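Below is one structure, written out as structure tokens; comments come after it.
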Amino acid sequence: MKKLLKSREISSFLFLVALFLIVGIINPNFLTSSNIVACFNDSVVYIIVSVGMAFAIFIGEIDVSVGANLGFTATVVSCMLRDGQNWLLAFAVGIIIGALMGLFNGWGVAIMGVPSLIFTLGTNGVMRGMMYVYTGGAWVENLPAEFKKLYTNTLVGSISVNLTLTVLAVIAIHLLLKKTKRGRYFIAVGDNPAGAAMVGIPATQTKVAAYVICGVLAAISGIVFSSRIGFVTATSGSGYEMKAVAACVLGGISLSGGVGSVIGASIGAVIMASISRLLVFMELGSTYDNTITGILLITIVVADSLMQRNTAEKNRRQRLAARTLSGDKAKIGGGDHE
Amino acid sequence: MPEKALLNIKNIYKSFGMNAVLKGISLDLNEGEVLALIGGNGAGKSTLMKIIMGIYQHDKGEIFVRGEKVTSNKTSAALASGIYMVPQEPMLFPNMTVEENIVIGFEKKGSELHKELTELMTAVGWKLDLSRKAGSLSIAEQQMVEILRGLLRHAQILILDEPTSALTFDEVESLFRSVNELRAKGIGIIYITHRLTEVFEIATHVAIMRDGKIPVRGLVTEFTREMLVKGLLPPDAQEKEDTLKEQMKAIDYEHSRPVFELQKFSGYGFTDISLKVYQGEILGLAGVVGAGRTELATTVFGRDKVLGGKAYLEGRDITGLSTRQVIAAGLNYVPEDRHYHGLFKISDIAANTSSAMLGEKTMGRFLLNRKEEYRLTQKYVDDFRTKITGQAQLAGSLSGGNQQKVVIGRSLSTSPKLVILDEPTRGIDAAARGDVYSIIHELRNRGLSILLISSDMEEIIELSDRVMTVCQGRINGEFTGEDINQDKLMAASFGITEKKEAGA
Amino acid sequence: MNKSFLQKLKEFLKSWEMVLICILLAEFVVFGAANSKFLRPALLFNSMNDFMSICIISLFVTFVMITGGIDIQAGSIVGLTSIIIGVTWQDFGLNIWVAALLAVIVAALCGALSGFFVAYCGVQAMVVTLGGSFLYAGIALLVSNMASTASYQGISGFPDYFKILSKYKFFGVIPSQLIIFLILTVLAYILLHRTKYGRRIFLVGVNQKAAEYSGINSRLVIMSTYVLSAMSASVAGVVLTAYLGTAKSDLGSNFTLNIITAVVLGGTLSTGGKGNVVGTALASVVIGLLRFGLPLCFGVGTQYLDIPVGVLLLVVVVARSMGSHPTTANLIRKWKERGREA
Amino acid sequence: QASEAVSVEGKTVAFIPKVTGNAFFESANDGAQKYAEEWGISVEYMGNSVAGAAEQVEVIHQAINTGVDAICISTVDAAGVSDALQEAKDAGITVCTWDSDANVTDRALMVSQGTPDTLGKMLVDMGADSLSKRGKDAAKDEIKYCWHYSQATVTDQNSWQVAGEAYIAENYPNWVNVAPDNYYSEQDSEKAVTVGAAVLADHSDVDLIICNDSTALPGQLQAAQNAGLDKDKISITGFASPNSIKEFCKAGLLYEWGLWDCQIQGAMGCYVAAYLAAGNEVKVGDTISIPSIGDVAVEANDCISEGAETADTNNGVVLLPERVVFDESNMEDYNF
């Protein structure tokens, strides 16, 4: 069973490998170690935001305000850094903004009981507007060089410090989710909310916590985003929400909640983050960007859903068939009831 | 009475919006007691239990556990104070394994818990694959997982909300054994059920809930079955049941033609089923839960693949037709699971009644004929004396019995020649059950053929002209007249009697 | 049927549509008071032209959401329609009406494809239509590459008799787009609330299993709603192309949020089973007028309009869920009881 | 001739960018606002955060409804806004354009940053100069280069690229375009960096990247910086506002880049719009004297788009007097 659980992540990973190999066959330049590492390095923003989204999806909800959250945090933090504020203060402010947004979403969804898509759609709009109000529409430019270096610092070879930290954090989060009592609550709440209440799991608290985590991770990804891009525009982060959802789905997380892992989300994020890059190597140009994303997404979810349905159906039929079979035995052996 | 009651409930009130469900409930539970709580559908039994568990909050009143007043209204607090409830509908985590389901929420290490769990399972003697996903378990197995959860928690107060409604005979036996053992250990148990026989079998005390209050309670030994039935019914209810069996005219099989016939019919969950249902006959299909009768019915109804054999309705081959075609051919089915397969809860009663008629011209060609829909709905509401405030009432807000009447009404709306009723009175209170029985009789007397699937032997005996038993997916007995009695049916259902003996 | 007119009226006064009408009236009062220009029919009607596409699509996305699904691909079908009309008309020499018809057919196929995956393969609607929104936008871009004119030049110069579709003004003030919207609203209303097909949509949304046990082909019903919503998006695309006089592949790309907002604000349950075409129509107009009135009367910049629309959505959904929240429900009950005693 | 021009004072101009939240347009607005105060006109900045024809039509209607005297617009799509601009004209509003033109019949004057030929040549020249500065011989070496800008659907950027290619074919036949289909990043900063990084990885031997888009240039530079490159390993140049590139220049990532003074352009656009709205009339060959900017001449439409007709009065093109190449020495003189 455990193996089966894992296989969803593994199949996503195999898919990623296949994708890279195909591009490598078309353009051998792609398969250099530095380029592959760069693919992963440049996926950090997506990984963080997708892991956050994964929390929202685990509990059976969704958060489409992560893009705006990312953009807004990036804007505020960058403005502070540009104006020479203390870094730690800036980061703290960013993370607090993210946490507050998460808390607000959590309040609306878990406590007020508003459908999550609708509620976060609303906060998304409000935050996008706030970005304009905050900057007046201007770009935030000229971030301190040392801040931008945070992104390029490497550890071993060309593997960036960011990537290393992110991977370690993802593994840690994964273990927390799977091994600790409270960690398991997130999946449990998504799996069966009413059942969670029966065994004393504080469903509301867990949901709010999931949103706060999602908000905080969106904020952190916003900070990484600005250190990577070096400037923040008024539309920064738009579209990230949908790409994060896509990443989660590609990584084997079910939108109905209770299924999947953050490792899967991370693998999905690498796929999503690499598409623009793959297209450059395939000499296809951004014209094909959307087409390929769409085909990837639909193919994977349809294949996955059909496969799951088949196994479920097979299991059911086996179970039912076993009943009549044991009936045969009963006839021959005179019944197995004592 | 001991000094400190395990559980002491004083004057609890609870309303949902305008619906006052509990109106001053008081109840005690002491160590080593099994308190059977009975009451009609919607009496508020589950609600009261959920309040004890801290899932709902009461509006007024007090709860004491071992003499201490409960101040926190959190489920975790209730669990910590040693209360565990096995809910009416199992609430497992379908994507987790059985083991994960049982141990979730424990602080202890996984390996320790695993050991405790396996010990516990050998102690109660239940076999379950711990690594299976809970979503793939049958309802009975899910119920077992729920009970194991409570046992592993060493609950001092165990609440079982209709635990046996989906269990097999064996499983019921072993459950009762465990209940007795637990009681011996001094655990207090609240046992909710609709089956009065169980009350006398397992309970030490009994309390009857009616109209948001507990008008009757006491030691089981102080009551007889009749007293309990009387206590359940509203004071002005009249005895309807007596008249039933006498009204039934015997079927003249010689001159009657079979309306419905199965020849060596096989599918997933059953094989080699051959049977005939005659005009105006009620054929009972008895068996234990899991015998494969629902599968048989749904496969005939076009919901699953036919693996072999033939089905005929009035001589017409209906094997493997789609549900829509089967309905059009003149067969309809009242599903076992009203909530998942039967009812449109947030639709009104009219829409519920007419839903199977939408293919018919009488309901309009393209535009919906509302007049016809109204007429149709009113006909069944009047015929069945369904209690509604108006056709616009939402079906979900009806009581269980009235919901069932609506679903039966729908199945008749298509003017079928044969209706398959699958557990028509499951989870329905005594009063509504009587209504449903008289409906079934009336239908029979009008010449409709009925295939009645039920796990309630009394029900089968009371209603059927002829009974066939199903065991592990096969027909293993046919009974008529005097042979239709508890002992024979039970024996056949559990596969103890061979077909030849039974037929003889 | 058996209800008196008064009863019906009473019910209507308590309905969600009534709330929307009140909000609509409030908009007229507030905006009208702030700037009387708002009330000038010519201006008001003209402004409606700018959000009619969203209104049109919302009507039929309501169908999808009643079945318990969601459609976030409608926006990209607008662009796909537009570019297909442009390319087939300009480069393949098709008659403009034939081109439009072709575009609607292609859109219907797109809707059918997504609907098939949702209904027959059991994939979550959100993911399928998310994929669809990428895919159809991508295809639109590929189609635009087939045009002989460089893609940056756009395709224009459509005949006047095509443009009149969206430009004509009845009595000199009422724009044809509004008429198209009203016709479609009536159509959608009849289809959803008066026909057997509409009833099936509701039943499937309430309980798909029970619908199947009633002999309803629930999968076909679900799939058909996606076809309908894609076709309505396509009609919006035709109207928008005629209105702008240019065919572009990215038209409608940011409609999604507005469409969903309109449907939800209109009272459709996002879990399915409940919804109302009239509510959606009213809600879409409420949003449109907000987007028109705020800049005109209060000088709010267009780029800030996401804030009031978002706030409106939040306030409405929170208020509505508060009504059904246990604590508030209790408060309301107590308040009512006190009223009765007094 | 325009000696006794009617004063522009008190006129209201709607200043409409393609999209809000973009450094280029925001700077232009800053410029327009700054001068407007001096001239006594009021400039209202109206735009949508999404660059789309339908969105821009909504904004134009908003301008018409608000009752401005003139509109000065950078169009997203000339055909798409054509009818809306005609409506504006019908409502008695003067329509001028800047940066990105409308159909010549839909507007009076266009304040242009230059002809495609000028701008294409400027881009290539900056590239050749950057190459020389790092010791390459632009005229003889086999220079590998490519273009990276926003999208194939953006009119002006494409016309510069086409003109630039023609100029290269004529003057630098030794150059090789490694990606004739160009790279696009859709004015998305994140994509600009991703695509930029991919370009560098795929063509490790590319010598020159020309970014004729104000989002692509900083994105490409950031990608180069992230990859540890600098101006002596690769030449990157293009159009972007001085403020957005200054830090990169200081960090040694490029020698030079260019732009026209978009603040002046925005201001000029608003002025000529207000000028015509005030009732002044101009013909090709006339000069308009703009206070604190200088005299500008009205030229025929065909100077920016070949074969375009010019109406007798109030129709034509005003060219920006100068385009600037920024480098370390002069970049601090500009603040936009």
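Lettered A, B, C and D in written order, each chain numbered from 1.
Criterion: contacts are C-beta pairs under 8 Å (C-beta built on N, C-alpha and C of every residue); 3 or more make two chains touch, one makes a residue touch a chain.
Since the model is a prediction, treat every value here as computed from it, not as a measurement.
Comparing mean CA positions across the assembly, the chain most remote from chain D is B. Between chain A and chain D, the centres computed from C-alpha atoms are 38 Å apart.
In whole angstrom, the spacing between the mean C-alpha positions of chain C and chain D is 37.
Mean C-alpha positions place chain A and chain C at a centre distance of 30 Å.
In this assembly, the C-alpha centroid of chain B lies 44 Å from the C-alpha centroid of chain C.
Across the assembly, chain A contributes residues 128, 132, 137, 234, 287 that each touch 2 or more other chains.
For chain D, the set of residues touching two or more other chains reads 20-21, 49, 151-152. Contact with two or more other chains is made by no residue of chain B. Chain contact topology: the protein chains form a pattern that is neither a line, a ring, a star nor a complete graph. Here the touching chains pair up as A-B, A-C, A-D, B-C, C-D. Contact residues on chain C toward chain B in their complex (touch as defined above): 1-3, 190, 194-200, 202-203, 206-207, 209-217, 273-274, 329-330, 333.
Per the touch definition, chain D reaches chain C in the complex via residues 20-21, 45-50, 52-55, 57-59, 61-62, 65-67, 77-83, 151-155, 158. Residues of chain B that touch chain A in their complex: 53, 55, 74-76, 78-80, 85, 87, 91-97, 100, 104-107, 131-133, 136, 138, 149, 170, 268-271, 290, 292, 295, 471-474, 494-496. By the touch criterion given at the top, residues 37, 43, 46-47, 49-51, 53, 144, 150-157, 163, 167, 240, 243-246, 248-254, 291-292, 295-296, 301-303, 306 of chain C touch chain D in their complex.
Taken in their complex, chain A has these residues touching chain B: 1-2, 181, 184, 187-188, 191-192, 194-202, 258-259, 312, 315-317, 319-321, 323-324, 326-327, 330, 335, 337.
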